[in-house]
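Next come two complexes, and both contain chain A; in the first it sits with chain B, in the second with chain C.
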Partner chain A sequence: MATTSTTGQARRRDRQYYWFLVPSGIAILLLIVVPLGYTLYLSLRHYDLARGLNEFVGLGNYAEIFTGGDPEFLKSLVRTLVYVVLVIAFDFLLGMTQALLLFELKARTAKVLRMIFMLPILIIPTGAAVFWRTTMWAPPNEQFLRTFGLDGIIDPPLGSPNLAFWAILVTVVWAWSPWVFLLLSGGLDNLDRSALEASMVDGASYWQRLRRVILPQMKPIIFVTLSFKAVDSFLSFPFVWVMTQGGPQNSTHLMSTYIYEQAFKFLNYGFGSALAIVMLLISSALSIGAVLYWQRTQDKGAI
Partner chain B sequence: MSRVRTPRPATFVKGIVLVVILAWVLLPIYFLFAVALTPTGTTLDGFSVPDVLTFENFMSVLNGINVIWPALVNSVIVTVAATVIALLFAVPAAYALSHLKHKRVGRGLYMSTFVLRGVPPVALVLPYYVIFSKAQLINTMPGVIVALVPLALPYCIWTMRVFFDAVPPQVEEAAGVDGAGVWRTFRSVVLPIARPGIAATGILAALLVFVDYIVVATLAGPATMTFPVYVTTFQQDYLSLVGPLAAASIVGALPMLLMFGFSQRYMLRLANAGVH
Partner chain C sequence: MTQRVFFRGAALAASLVVALPLVACSTSGAGQSGQDAGGKTIKVLVSSGHQQFKPVWDKLPEFTAQTGIKVQLDQVATTDIEGAFQRDVTVGACTYDNVELLDGALAGAAPKMADLSTYLTKSGSSAQALFDAQVGWTKGAMEFDGKVAYYPFYSGSKGIAYREDLFTDAKNKTDFKAEFGYDIPTPPTTPAQIVDLAKFFTGRGTQYGIVFSGQGDSGETTLADVIFRHGVNGYQSDDDNAMWGPSNPANQAKVVESATWLTDLIKNGYAPKSVTAMATGEATSFYTDGNAAMIYDHIYLPWAQFSAQDVVSKIGESGSFAPPSFVEGAGGITFYWGRGIPECSKNKDASWTFMQWVMSEENQKLALTEGQGVYVPTDKNLLAWSVEQGKVPQGVADAVSTNQPYKVTTATGRMRQKVNLPLVDRLYQGNLTPEQYAKDSGEAIQKEAVDSGLVK
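After this line comes the complex of A and B, so read on.
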């Protein structure tokens, strides 16, 4: 644009664009920033409806969190990070395998398979969670165990502190990984076919092609897809809440469900708010990290 | 030994992988249908096809004690309203950020929408609940809608900039030469071009809102609950209610299918959002 207009005009135009940001700015301020400010305010109080408390305690809630007054929260924090890594790893492996399988098939077959692969996301997450909980994991049906002939040999997984987390993980990957598959498959279809064909003429093996041609070209889309997925998993709530409410013995709590339980089950809003602020800070730090990494690679021209 | 005639172990491996993946995806779907189509209280007998098939679960969901319609109607109202509101705010913002992307401020603001997307819903639902309780907004449609907008807004801005980036600068320059101001260029030249992108973003944002559980479960009540919350009300006595639940999940897959069907062809561009 600067080529056709003088810099003065360009600057005047730019200034007008800032007006376009005002409505969103106000909406974000009112709907996100102000409520978070209120969370911060609540976090400085003992606001506990179960015990009838409502008084200012300064940083008391935070002190309790960080001096080990609440080991369950720190455990849920670690568990959330493990959960994020595992969900991303499994979703990526499964989604990428599915996408690669489709990539080599005839268009019509690929279309049918794509429909089949995406079926699980059509079941609403809470529906999938209740269905898996009742029919796949719990007796009398316990179809997942029965498929492997394990019914009666191991106890219902959702009742066991050692297995419940893994049962939820299996459910989540089944229900929500097609999302990753769809995005990766879209990215794969957009690859530069000529480089691929050249490598096939060279007689490169499948793995070589995958490693040298396909994956490098897909790096940006993989990065974007997985960082979105990471955010979603970090904030994940419905599967755990619907399937176990964090139990048995707190063995499946993620940060979201733990905070939710503190606030809405134990009515301890002040302490819950402090936990929510801690989670917000961690989440923001991770997002900012991703953004900075992004910009750095963009500046280098890698993405 | 010609390359063409060498036996391909790779094809064999791929075949096995395909079968395993198909079983992984389809077996639970099969069990879902099996449960939905068998009478209340029967247990499945492994993989064998159930002896008695019935539509009673579907009837109870479509026109019986577990009737789905109020929740589905609420879902549609809430989803459309929250998505449209989010788009009204996000469209101009994304357009502006597309023009300001070479500026530090513009880039910073754009990146901040990604950070806002990471705000934990639980950290928002908490103050909303306390404020709404005082303002008598719990279990009201306006309350639920307002609280759902922040789920969609940052996402919409983030995703939509790409579509404005794709509008050729020459088009806008031509409009500028013709004397159209920034606003008129935006409204009559850019918006029509970007409409498919706006629609795609809207559908994906609608999906985000449609599947929300935490916000609605906390702020809605029996009269305002949406489909994802309604589905969890089947939990109390799950032996007798698992059939209707499965039937409801299958019925509820139709709106999801509609939304995904529409978004399919934009999937790639959406996936590329933020890369450029």
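After this line comes the complex of A and C, so read on.
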């Protein structure tokens, strides 16, 4: 009897604490649930301000998307996935190489190099995009091409549908890989040095140490960093928009820029909202997948 | 503090989180739609890109002191202004009393605008008097179904700037005459003369004869300017069909000629192949770096830059002329803004008072002289004055004065930017022949006209 009474009191006390959730609950409602609900509502309508249309079409917009009624969206979806994979791969390769280099260097040299490696993240993305567009890629400057002696040999990349995507990729890796470097470098600094020293005493080569000691210990930080980068890259917008606006010939549109163009340039809010919902579902699936994978491997102690 | 007091405090805080935004909304709503202690308050939607008008906005307290009308300026990006207005009126909020809109948005918003002729008459003027004072195409661009939906105020057109040092060089003059049999024309009066000039100056004191922007929106409008100057005036004919689509096959040949004329400049090496990577900014840099003798572009935008000391020391002074037309009486493509009063505005009289004030000669001159960037007025007297002041290139003023009105509908924006632009990209890159471009773009524009419900 006494136990029941104590449990009841605890429940009542817990219920009272729910009031503390109210402010954040309201904030979530106003800032997330309402806009999301409204986007969902718009996605069920043919809401096209340029044409003055506003009518209920049910799942019509979604049907158009999934039946390939808008091939450009499907292309932008595939391009976005390729972009995410490539950005992660290049960011990791570059960031990890830099981090490992600094890990092996003397503290003072490492400090100076760390500052140099981090310089790109001090520039806001739109500023970096404008800089790369006008100074590095576009004529008459074309500094990137000149540096490698390619000016006059290949077409200016941002004007070529075959090269523009790669030019953007180079820019993005330059701009964002320092974040990856920073996080991985922090991870390396916190490695268990005793295991590393023991492997050295045992005569392990550098590659053996890297493969058997460093990378296994770094797995959690690598996983978190790359998961974060995957979602971030999936939502990437400013570089493409500033450098090409999706051109030439729609060859650089990512999902985010394509959706923005549909909704805010062509004022086709209904279709744009449906595209946004699809994008949300994909990014949610990616995020949930990453979290579940993380939890599962944590439980197994694999990471 | 007892637990009860603490919980009450938390509940109060939660209530405030909900209530404060609502109070803020209702306060601003009251200010927008009606009276306040100082008199009317009007909300005005303008482009944040129009920094030319900043000195005028700085004078708004004077306007309020004179009229008792308070002005709440809402400055949004040019690309967002149409959406901001359309959303506002579509959901029935109608918070704006005065808006400025770009050409592509005028047709879609026109049904929601008040007829300004009523206010012009009330002010002792008339629609006729307004348009008489403006350059010729404005009447066709601002009137919709007999209604004066907008007050014209800002325009632009493609022009050609050229290096005076090269054009006036004695040896160049002699050599040009020897090669082509006539003097270097300033200004050239035929498109063939432009080609001759481009050919002549290529590799003579500069790398290329001419440069134009061939990327994105500015690339699309370069070709459109040439097409318009062939007498194919617009994207849609009077019956809304594509101007060079299946319903208007006669225009196809003219579009082929236009595309051929422009791409031949690249093919023959008179213009750089890299125009495909140049928007106006890059084409301007290309010219000011001394790589081309002429630039065919939105030259009114960087006009002040052309007379900057560092540029003049490198390439000398620049002159300008309107691109010659291929057909007599034809003009190029015009870009323009109109200012309107929404029909649903509760403060139309105050909004009209504001419009008269902002469009006054005094304030337009203030924008032209003190504002940042270039402003090409549509008022004939002000346009001439701005050329005298060196604010607007003569070539652009001439082009703006001779351009013709063309049909703009709710579909025009998409026809240009969604449908035509990628095809123009392909044309410049050599992936489409002029014939293929004319056919494909005509069909694609026609499809957009059908999809838009404008034609069956």
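The rule is short, and it goes like this: the second predicted complex is superposed on the first by the 280 of 303 C-alpha atoms of A that agree within 3 Å, B and C clash if a C-alpha of one lies under 4 Å from a C-alpha of the other, contacts with A are read in each partner's own complex, and residues count from 1 in each chain.
The rule is short, and it goes like this: contacts are C-beta pairs under 8 Å (C-beta built on N, C-alpha and C of every residue); 3 or more make two chains touch, one makes a residue touch a chain.
Predicted, not measured: the structure shown is a model, and the values here were computed from it.
Shared-chain residue A:F234: touches chain B; no touch with chain C.
Residue by residue along chain A, chain B and chain C are tallied for touches, and B comes out ahead. By the touch criterion defined above, A:L182 reaches chain B but does not reach chain C. Touch criterion met: A:S287 reaches chain B, while chain C stays clear of it.
Look at A:T147: by the touch rule set out above, it reaches chain B but stays clear of chain C.
Contacts of A:A107 after superposition on the shared chain: neither chain B nor chain C is touched. By the document's definition of touching, of the two partners only chain C reaches A:S160; chain B does not.
Once the two complexes are laid over each other on the shared chain, residue contacts for A:V201 go to neither chain B nor chain C. In the superposition on chain A, A:L49 makes contact with chain C only, not with chain B. Residues 16, 19-20, 23, 27, 134, 138, 140-141, 264 of chain A lie in contact with chain B in one complex and with chain C in the other.
Put simply, chain A touches chain B in their complex at residues 1, 4-5, 13-14, 16-21, 23-25, 27-28, 31-32, 35-36, 38-39, 42, 94, 97-98, 101, 104, 116-136, 138, 140-141, 143, 146-147, 174, 182-184, 186-187, 189-190, 203, 206, 220-221, 224-225, 231, 234-235, 237-238, 241-242, 255-256, 259-260, 263-264, 269, 272-273, 276-277, 279-280, 283-284, 286-288, 290-291, 294-295, 303. Across the interface of their complex, chain A is touched by residues 3, 10, 14, 17-18, 21-22, 24-29, 31-32, 35, 43-44, 46, 88-90, 92-93, 95-97, 99-100, 103, 107, 109, 111, 114-131, 146, 149-150, 153-154, 157, 169, 172-173, 176-177, 181-183, 186, 210-211, 213-214, 218, 227-229, 231-232, 234-235, 238-239, 242, 245-246, 248-250, 252-253, 256-257, 260, 267-268, 270-275 of chain B. Note for the complex: chain C touches chain A at residues 3, 7, 10-11, 13-14, 17-18, 21, 79-80, 82-83, 86-87, 90, 108, 111, 214-216, 272-278, 281-282, 285-286, 289, 291, 410-411, 413-414, 417-418, 421-422, 425-426, 429, 431, 452-453. Here chain A touches chain C in the complex through residues 16, 19-20, 22-23, 26-27, 30, 49-52, 54, 134, 137-141, 155-161, 244-245, 247-250, 264-267, going by the rule given at the top.
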